[in-house]
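Have a look at the structure below, then the notes.
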């Protein structure tokens, strides 16, 4: 049993990580950090039954001199930047869920690896520092990377119309995040300025028009990608490419572009589903992706990466 | 007081029309047709208080030899096709909310007028037969037509990512329309085959990639349009064009592309709101539109058209 | 046209009042007060089309020396207590929607009248100061008062299980009011200490166990009342009593205790619906009531009371 | 590894059972029956990753001569009545989730045991046939049984105001189950005639007034119980009684009657939470209970019972 700990355990992603790692047969969760829940037990705060529920949140795991082999940071980027160097100094493996080290992870000679699990598996196995991808980039890259790699996407901008449930905003307060303001609502936000745009452009190597919208649900994320295809490529070619690429992947499912694609069916699961619209028009194809923003978009992909990093079976604790 | 009647009064749009016309100071609602509610009063079925609530649904208004000056048909297209010739024969003005006569309305020498109120006002005033636009085409054309007319949109396909609340599907049954299947869900539907595509391409005169999605709400519709702009055009130019065009329109509001644009704020109103994203990237602009699919997308636009057709003030009964 | 103004026009009830009075054919809305929206127009903030939308919010109507015949206060109780004496001094009629003067309104010799419209009509017509009832008390008293008056309710405590949509909490912030905390949730709140308990006990003249719960919707309120009946009373007797009492009331509808009773059907309307469960068991009957907490529970009842107070038709502006 | 199978695997409870048993380390899921999904794999229908997802649904497990040690029936009562005798004949242990054998399970000398896990543990260990309780009875009995047993509840009827999410209605169709009819709605149903009333009265040994209502969510169930207490009993006494009784129970949590009690926090978990309102009034106490109707109200309690029946650790596969 590998001893692990969670920084930022009281955020929405941190709670999901706690739930996953508490039930993970290959690791022992020995520390959970949260300033706001300091001193309370996991059970009191989340209802988690069983022995792991007795563990109590602490303000700082570093000060507690906790001995662990790996730490998962579900902290905001600035907190990650502050905490992680000390963990690295102690020789601990780190999976960071924030935006703090993603850019560095894409540079040559960096000790960090960008943890898009299905697309960087060997590099993740070989590193001690994983920068977990953002939720929108996970859905989008899983949908488009194989098509780009296979040379099926023509030059030109990619249009990404994206929608996310409200937990995507974290637990921050603000009048616009009130129930009465968000319920039954739908609107675009951070148009032209979302923090995931550079991550997406790095990952896909393409210029893109990314537009996130609010989805009036708590969880779930959907991307609709409108992409130019090379002349002579059919929708069937695109789907075949994705099916071949993901045939052996347990957590990436290629489905048909109908109701099988709904966010409702991936919420609560470690899956990302992708699909191709059945017609090409004006040289443009539609490629879709969906996932649970707190799981494959955060905590379950972090667990995949932890497993890879520790040499455990990749799906352990997740199925 | 002009005597009017409603065919198809028990569908979701028909109920909204009933509510609007019952409170309209310039018309008297004298007939409401519904097979399923035949014999019941409006009050029993919808709770509408006041004298109009006492009117009872009838299976057929034509057989009842009801004398009216105008009839509004909120019937499915095949029912409209069957009923409307008999009403025309009686010399009655018709506003049809279905898809039945929209194509005909766009042909030269047709007695029908395509009723996009703000864009065909004089023609509607001069006709006796109005084909009311679909909900998606109303939002999309109000967002894009002024920009196309002003020559600001470059050649190339238009990408329309559209989302609609569940009432857009009408009251039809089917397992996928159950609460448990649609709640908290989001997915694309009729990809590449939606019935509004020809209407949109006729209206905009452009090839387009239209992809409707389910929004997990009862009412509300949103379109996100990704369109190529002519070189040198800024987002501010686009917004200025829309603001100038709609400066005097009571029911079209140009807002900034932030939360003011949410569907929640137009549901229950006769408004369509449009906005322009603040940046152009890779030659593409974002233009947004939203409305209540049952009001500006159906019943309130039909009332605008009825008012124009009858020579009443266009906003009567709506504000 | 009677000149009227609204204090507290930017709260959820204030927005509904603004919408109603802007379209009311018997009054002219000449002032709307809001600190947070000071200087903005109604149209900018609420999208209201038409001439009334051009009116701008002001911080203080009293300082502006606005001349009006009546003022409606949708302010919190402490603000009402501060503002209203100055309005009274100017000889203006007042309808207060807060809790500030409800207790005083039930005392002998008070100039205030407790404005449960259907049950105090003559007193409201004769006064210049109306304390508008709370939302829960409006639903509960309309359901139970006729039965108590008719002597059909036996001694013993009344159990009131009540549920309200989230707008009942107003626009206050707080982590528990976030979308992510309230969506899909349901729980009791202020158990044993809700501010409507004294109002209910005064109004019904009975001891009661009142338990409000959150309903995960924006609008709508439902009360399920479990009450002892006098021996020999059947459910049919109770229903007949309600039907007779409300036969001529436009805004109180007696329906059967099935789906006709749902909150969905009263949201957006000025109605309160009441019903009786079809069986008596262990001497207990079930009596239900539902309404829109922002309309019959606040703004539409305030308008009924304004109409009565001004000698206008009671339903004017509401149907 | 104990070989088990599921009858009725495509209903909402059956899907949850499939998910739980596929991940259960002590059992091997070897058969899943469903007429509607006959021939499809679990993975195709539910997305379940991992080896268990490859198992295919069959129309009939009995005809397939499948060898198993236990079968869980998530079938409607009439299907359970038809199928179960044949399974019994084969010497297989049975956990039935329907209403079919609950009454028989409460009779002396019956081979069936009524599986309210925490209250019949030894009997369940000793039997081969478990009638799993209904969702409302599980919440209500866990809330009230310890108080009744301790003699703290006075004579007189118990009032149970209950609310359930829409999955409680199963996957049946019907216009009233459409999204547009149920979203944002709340109403009582089957007032005076719900099938759980006899089960509740048997279980509690008391006459009660039970009134179920729709909660506009997919999952979650809440009961608010208004019960007479013996003179001198305080709310603290009631809470102490529950805390003592459930101190060592992993799946029954006693919480304070505030937001900790919300259905949102038990949905997706095998928990039932109970709480006592902090005041007694007119001799009446409030006792609350909540759970996930598909888990503790169905599939997770069935798994607890299966574990007990097979001699496995009670919480295995559930935490």
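Chains: A, B, C and D, in written order; residue numbering restarts at 1 for each.
The rule is simple: a contact is a pair of C-beta atoms (placed from the backbone, for glycine too) under 8 Å apart; a residue touches a chain by one contact, two chains touch by 3 or more.
Quick caveat: nothing in here was measured; it's all calculated off a predicted structure.
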item: Length of the shortest touching-chain route, subunit B through to subunit D; value: 1
item: Chain at maximum distance from subunit C, centres defined as averaged CA atoms; value: A
item: Centre-of-Cα separation between subunit B and subunit A, whole angstrom; value: 39
item: Subunit A and subunit D: spacing of chain centres that average the CA atoms, whole Å; value: 34
item: Multi-partner residues of subunit D (each touching 2 or more other chains); value: 181, 183-184, 217-218
item: Partner subunit D, residues of subunit B touching it in the complex; value: 12, 166-167, 171, 173-175, 177-184, 217-218
item: Interfacial residue positions of subunit B with respect to subunit C in the complex; value: 22-23, 25, 43, 46-50, 184, 250-251, 253, 265-266, 268-271, 273, 315, 318-319
item: Subunit B to subunit A touching residues, read off their complex; value: 156-157, 159, 161, 163, 176, 181, 183-189, 191-192, 207-209, 211, 213-220, 222, 224, 226, 257-259, 261-264, 267, 277-279, 281-284, 286, 288, 290
